[in-house]
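Next, two complexes with subunit A in common: one pairs it with subunit B, the other with subunit C.
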Partner chain A sequence: MMAVLSRDNLVPLLKRLSEKMEVVAPILVEGTPVFATWKGEPLALEENPLCSPVEFLLPQKEVLFSYVQYSGRYTFEAALWRARLIFGIRPCDLKAISILDMLFGAEPHDEAYLARRRSTVLVAYNCIRPGVDCSCLQMDAGPGGREGFDLQLTEIGSGYLTEAGSPAGAKMLEEQAEFFSEAREEHLQEKEKLLKEAREMLEPREDRSPSAIKNAMEKADWEALGKRCLACGSCTLVCPVCHCFNILDQGVPDGQRIRCRDCCLLSGFSRMASGANPRATQGERLKNWYLDKFEYIPANTGLWGCVGCGRCSRVCLGEMDRWALEVKR
Partner chain B sequence: MSQYIPMQAEIIDIDIQSPNTYLIFLKLLEDMEFSYRPGQFVMVSVFGLGECPISIASSPTRETLQLCIRRAGRITGAIMDCRVGDVLGIRGPCGNGFPLEEMKKDILIAGGGSGFATLRSLINYIVDRRSEFGQVAVAYGARTPQDLYFMQEYKGWQQAGIDVGVTVDIGDESWRGKVGLVTSLIDNFTLPPGSAAICGPSVMINAVAKKLMERGFDHADIYVSLERHMKCGVGKCEHCMIGPYHACQDGPVFSYDKVKTVI
Partner chain C sequence: MEKFHTTCIYCGCGCGLFLHVEDGRAVGASPSPLHPMSRGRLCIKGWLAGDFVGHPDRLKHPLMRRGERLARTSWEEAVETTASRFRKMGDEFGPNSLGILTSAKGTNEENYLLMKLARAALKTNNVDHVARLCHAPTVAGLGYALGSGAMTNPISSLARADALLVVGSNTTEQHPLVASYILQAQSRGAKLIVFDPRRTQIADLADIYLCPRLGTDIAWINAMLNVIVKEGLADENFLSSRTEGFEALKEAVCRYTPEKAEEISGIPAQKLKEAARAYASAGRAAIVYAMGITQHITGTDNVQALANLALVTGNLGREGTGIYPLRGHQNVQGACDMGALPDFYSGYQKVSLSRPKFEEAWSTDLPGDPGLTAVEMMKAAEEGRLKGLLVVGENPMMSYPDISQVKRALASLEFLAVSDIFPTETTELADVVLPAACFAEKDGTFTSTERRIQRIRYAVPPPSEARPEWMWICELMGKFGVSADYSSPAEVMEEIARLTPIYGGVRYHRLGIAGLQWPCPAEDHPGTGVMHVEKFPIGRARLRPVEHQEPGEAADQDYPFLLTTGRSLYHFHTGTMTRRTSLLDREVPVPVLEVNSQDAQQLGIRTGQRVTVESRRGKLCLEAKVTPDISRGTLFLPFHFHEAPANALTNSALDPQSKIPELKVTAVRIRRAIE
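Right, the complex of A and B next:
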């Protein structure tokens, strides 16, 4: 099911949807595009924001449940989720979410993630102008999305070709029919042509395929790379697939059990109370980060644990070449 | 309901094992079935501080759930400061436990330090179902005589026909037992190559496994229980990764052939 949304109708459509649920969209905050709750600001659709919208499924900090103490016994209250629509999510981040869905959906389910996920509508936005750091094509994660979205928009000359990817998306197209016009074969052809051009833009770049990275991993001097890694955690912060978390309590005697994002590149991540640390050096931790993305996640999900968004490279303070696994300078 | 919400358990008794180790007896307050197997663990909550993984020290063949707590970090310290009547949160049981169906009937059990707590669950399970097992031997090493746990139980194990060997790293004036490594105890056992269950520091695990393989044990029959930093207990938070495995889900018990390159 598909339809065409005219350029003039995009904002009115989002306004209509925001009457029913929270709408998250990329907007400019102090000149930087970020995903945030949309309140009618101009949309920033030129580039994919540095922080992925995965933040709205696995937030930096969320309440898992509240505990209330009464004469030495506790009562618990699970957190509730509001319905939310994420607009403008790119194919790479969409793929990251499908990886997280598999990891958090594997037995035993992570209900805290899944409850949030179930109440989230994903409206994707295809990349017809890939960014300079992007290697989604080589990771089979873009520039066009194939699945995992409720609706998917592709910017074409006359507006946005809008395709439904789920029953919920199809229902939205029906309910909001007044904003859409009929899609014709030529619209689809235009989309395919634009995505083909996008693939060509991505094609001639350096080899950042999984096999190239795995080759680099075999040759890598992890201890030397570990010395360059500043253990700042920036790459794990922006990676849409990274999902390590910590659980801690806030409040005595009543309070909340909090889940907050963690980082496997920090030295305390695997250190036990006894002081023993199974991954004692930064090189070992960095190697584990790569092994997770290129061996362990593929073994568990059948998908690469990297979606080629290029964010880790953009933020690396150690100025490592994140693909060739060489020290840049 | 989130699976992160724990059950509540009341501390009904505390048995001091050593100055920094208490055995805590728990009664679940919720009317929920709590069945477990030797080698599994629970996530224990002290509300206001958080959770930590603690192996179950009791056998499912016996009534009371018991946890052996050694003062190591913030949460274990807070648990040890609890009194009888206080309430802890319990999630679990977590992890796989020892694969008793796959294990051979002759079993060598080797423990070092606080790793002995999870093995006590297995030993008491064997004692209670003695006819289902063959020759069984226990080798246990601790740092000093004061650090030996469950001393009042060794006699009962021996009466059940289990060979029990105990050693310490550093003795004192009153100590008349062995001083040395756990591996030195194994030479005294006559049991044929069967299965093994090991828990302790990784240096000790590797040394015992090497010794057992020399004696003809297959590395796939040697089961090791591994300790890792854990947060979620359900295989999601990635703290306890051991190569491709999650210690909290795929472990904490692994056959030695699976993990010998990564421990």
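Right, the complex of A and C next:
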């Protein structure tokens, strides 16, 4: 099911939807695009923000429940998830969410993730102008999205070709019909043409395919790279696929059980209570990060653990080429 | 979820970041891609900068001492009690019986108001802050040599250097963003030369790594100058047109041959020559230094020695050159700029020269007698000369040298008021505790180590009754009859700009994502990246010969080891914030003493074993970590941990010029703990 949304109707549509649920969209804060609650600000759709919208499904820090002690007995108060629509998710981040759905949806289910996921509507936005660091094409994660969205928009000359990818998306199109006009074959052709052009922009770039990275992993001098790694954890914290977390209770006698993002590049992540560490050096930890993306996640999900968004390269404090696995020259 | 652009609270890099806020709680942080220095990057502390904000331990109510315990009180009573006790002591013992320690964690506006409170309301110049323990020698040393005691270039300028001399700075751990620019330069082919008694990560990455004995920096720096002068590597043109005093310097350094320096510092003469040539023959060379240079009784001379090196080779006033003192707190630069110093008003205007200007501006008479520095205040308190102290956002019971002396000093006070965001070892001793709003809960500005004045923003409400400090400072000033009816920090900044030439053009509406780098004298001035381009503020830069002097405490038969202190990547200062950030505290949960592998073998110490380390002032029992990365006879201990506070051991011997204590060298003995 598809329809065309005129440019003028995008903001009114989001306004209407924001009456029903929280709308998250890329907006400018101090000139920088960020995903945040949309309150009518101009949309920032030129580039994908540095911090991916995955944080709305797997926050940096979330309260799982609160506990209250009364006369020696504990009562628990579960956190409430709000209905949310995320607008402007790029295909790479959408693919990352598909991977997370598989990982958190596997037995035993991660209820906190799934509760957020179930109450979230995903509105994707195809990339017809890929960014400089993007290699989504080689990771099979873009520039156009194929599945996993409720609605997907592609900017075409006259507006946005809007496709429904789920029953919920189809229902939204129906309910908000007043904002849409009928999509014709030529609109679909225009979308395909624009995405083909985007693919052509991505194609000639250097080889950052899984096989190239796996080759680089074979050759990499992990200890030399580990020496340059400043253990900032940024690559794990910007990666839309990274999902490790830690759980702690904060507050005595009353308090909260908190889940917060963790980071496998920290030595404490793998250190045992005895002090022994199976991944003792920074080089080994860095290698593990790559093995997770190109061996373990594929083994568990059938999908690469990298979506080619290029964020890890942008944030690396160690001045490493994250694809060739060499010191930058 | 809302995102607020703000400035990181930890080190002096001053990274821009977004604070993520949901339902009035800080739930995360992320890097700011358009920030001119941090460019979308953060270290792990920066990523977790918002984590402590909502911690349940936060101080939520004003507290007042009732006998043994601190009990909840009202803001009115807390402020009124503070005012009346200070007034009474001032009347009885004179204004110099009072003092204020301001906060390198507070905003510029709060530091300005606190120094105004000290001078205009309490009528004393006894105002200082933790810069006394970190970069007072930089303010004094670079101030004398160049006419400005701050970083000469923007941090990003490092990426364009052809040689980098890193001295006494564990850059990858303490200033990771600075380290990333150094790595960038090295990737481009620049030579990295590191001097450090520990083989740190940056030392490990260096092209030339040299390991001096503790407290011998002047000897090897002078020897580098000796080589440079002898081999004709000096920039004669720069020396003749921009500097004065070269002849005297030349005469002094000719006595410091590399061979003599080897005797003193233990650095092989040949290696030292190599380092001198690499630095002096580079087209653009930069010097990066930190506490390893300043925390010595020769701190100011050490800084002068580095300034001599840069001046003799003409490495100032251009991109890629310069001197980069790395400041430890996110606003220790600003606290200095604001005149939270006993001898300066804001903008380094000397009390002795600018008093009439400030008397007129504040419409009151101001004290002229010199104030006490931070460590001197502790001594004065112990001797009963200082009766009342206000400590704002600082924890001297952990961060000052010789904490048993600090404890005696604080206990001797008649009245101690402390403002902080968490309970600390210092609030425990207070008569009045004021709960403060943290960086996420107020507006204001911080000035980073590269002189960049940047905004912080109100993003979440403070817990319960906690308030931004500028509010109660104004109330307190009002109680002393000094008018302080500022409606916002922006209004305070307008007054700062009016009275402080280097901040003259700073207005909140001008402080976008890039902030403004001082000197910024006028509203149409774009700020200054590279300083000293055409001339120095004092005209010609001053070369001054400096001589090697042994540390205040030498190793001897009773105390055969030298202990040096520092920080870990994962913790900050006395740990009040980072030890309440779960990921950071998990990373380094306990204090460990680094011991050289050969020394450990002789002493029969293994990693993980408990050891007793003892100085003339105190004794600690903690775990050892055996490592080849520290020189023989040297021990290292970070000072974040209340379980084994490093400063129970350290020496409060002072540099006579800047009054910084020699935190980097303490004679100690060590043995296996009996369990």
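Quick note on the criterion: the second predicted complex is superposed on the first by the 328 of 329 C-alpha atoms of A that agree within 3 Å, B and C clash if a C-alpha of one lies under 4 Å from a C-alpha of the other, contacts with A are read in each partner's own complex, and residues count from 1 in each chain.
By our rule, a contact is a pair of C-beta atoms (placed from the backbone, for glycine too) under 8 Å apart; a residue touches a chain by one contact, two chains touch by 3 or more.
None of these values were measured; they are calculated from a predicted model.
In the superposition on chain A, A:N246 makes contact with both subunit B and subunit C. Applying the stated contact rule after C-alpha superposition, one finds that A:C51 touches subunit C and leaves subunit B untouched.
By the touch criterion stated above, A:P278 is placed in contact with subunit B alone, subunit C being left untouched. Once chain A of one complex is fitted onto chain A of the other, the partner contacts of A:V4 are absent, as it touches neither subunit B nor subunit C. Contacts of A:L266 after superposition on the shared chain: subunit C is touched, whereas subunit B is not. In the superposed model, A:G255 makes contact with both subunit B and subunit C.
In the superposed model, A:A164 makes contact with neither subunit B nor subunit C. Of the two partner chains, neither subunit B nor subunit C is touched by A:L137. Once the two complexes are overlaid on the shared chain, A:D110 sits against subunit B while remaining clear of subunit C.
Residues common to the contacts of subunit A with subunit B and with subunit C across the two structures: 246, 248, 251, 255, 262. Those residues of subunit A that touch subunit C in the shared complex are 24, 29-32, 34-37, 50-51, 55-56, 59-62, 227-228, 230-234, 237-238, 246, 248, 250-251, 255, 260, 262-263, 266-268, 275, 314-319, 327-329.
Against subunit A, in their complex, subunit B makes its touches with residues 1-5, 8, 29, 45, 47-52, 72-73, 76, 85-87, 89, 201-202, 227-229, 231-232, 234-244, 263. Across the complex, subunit A is touched by residues 1-5, 18, 20, 22, 27-34, 40-44, 46-47, 51, 55-56, 172, 176-177, 179-180, 183-184, 187-188, 201, 204-205, 512-513, 569, 582-583, 586-587, 589, 608 of subunit C. The part of subunit A that touches subunit B in the complex is made up of residues 64-65, 67, 69, 72-74, 76, 78-79, 103-104, 106, 108-113, 115, 243-249, 251-253, 255, 257, 259, 262, 264, 269-274, 276, 278, 288, 291-292, 295-296, 299-300.
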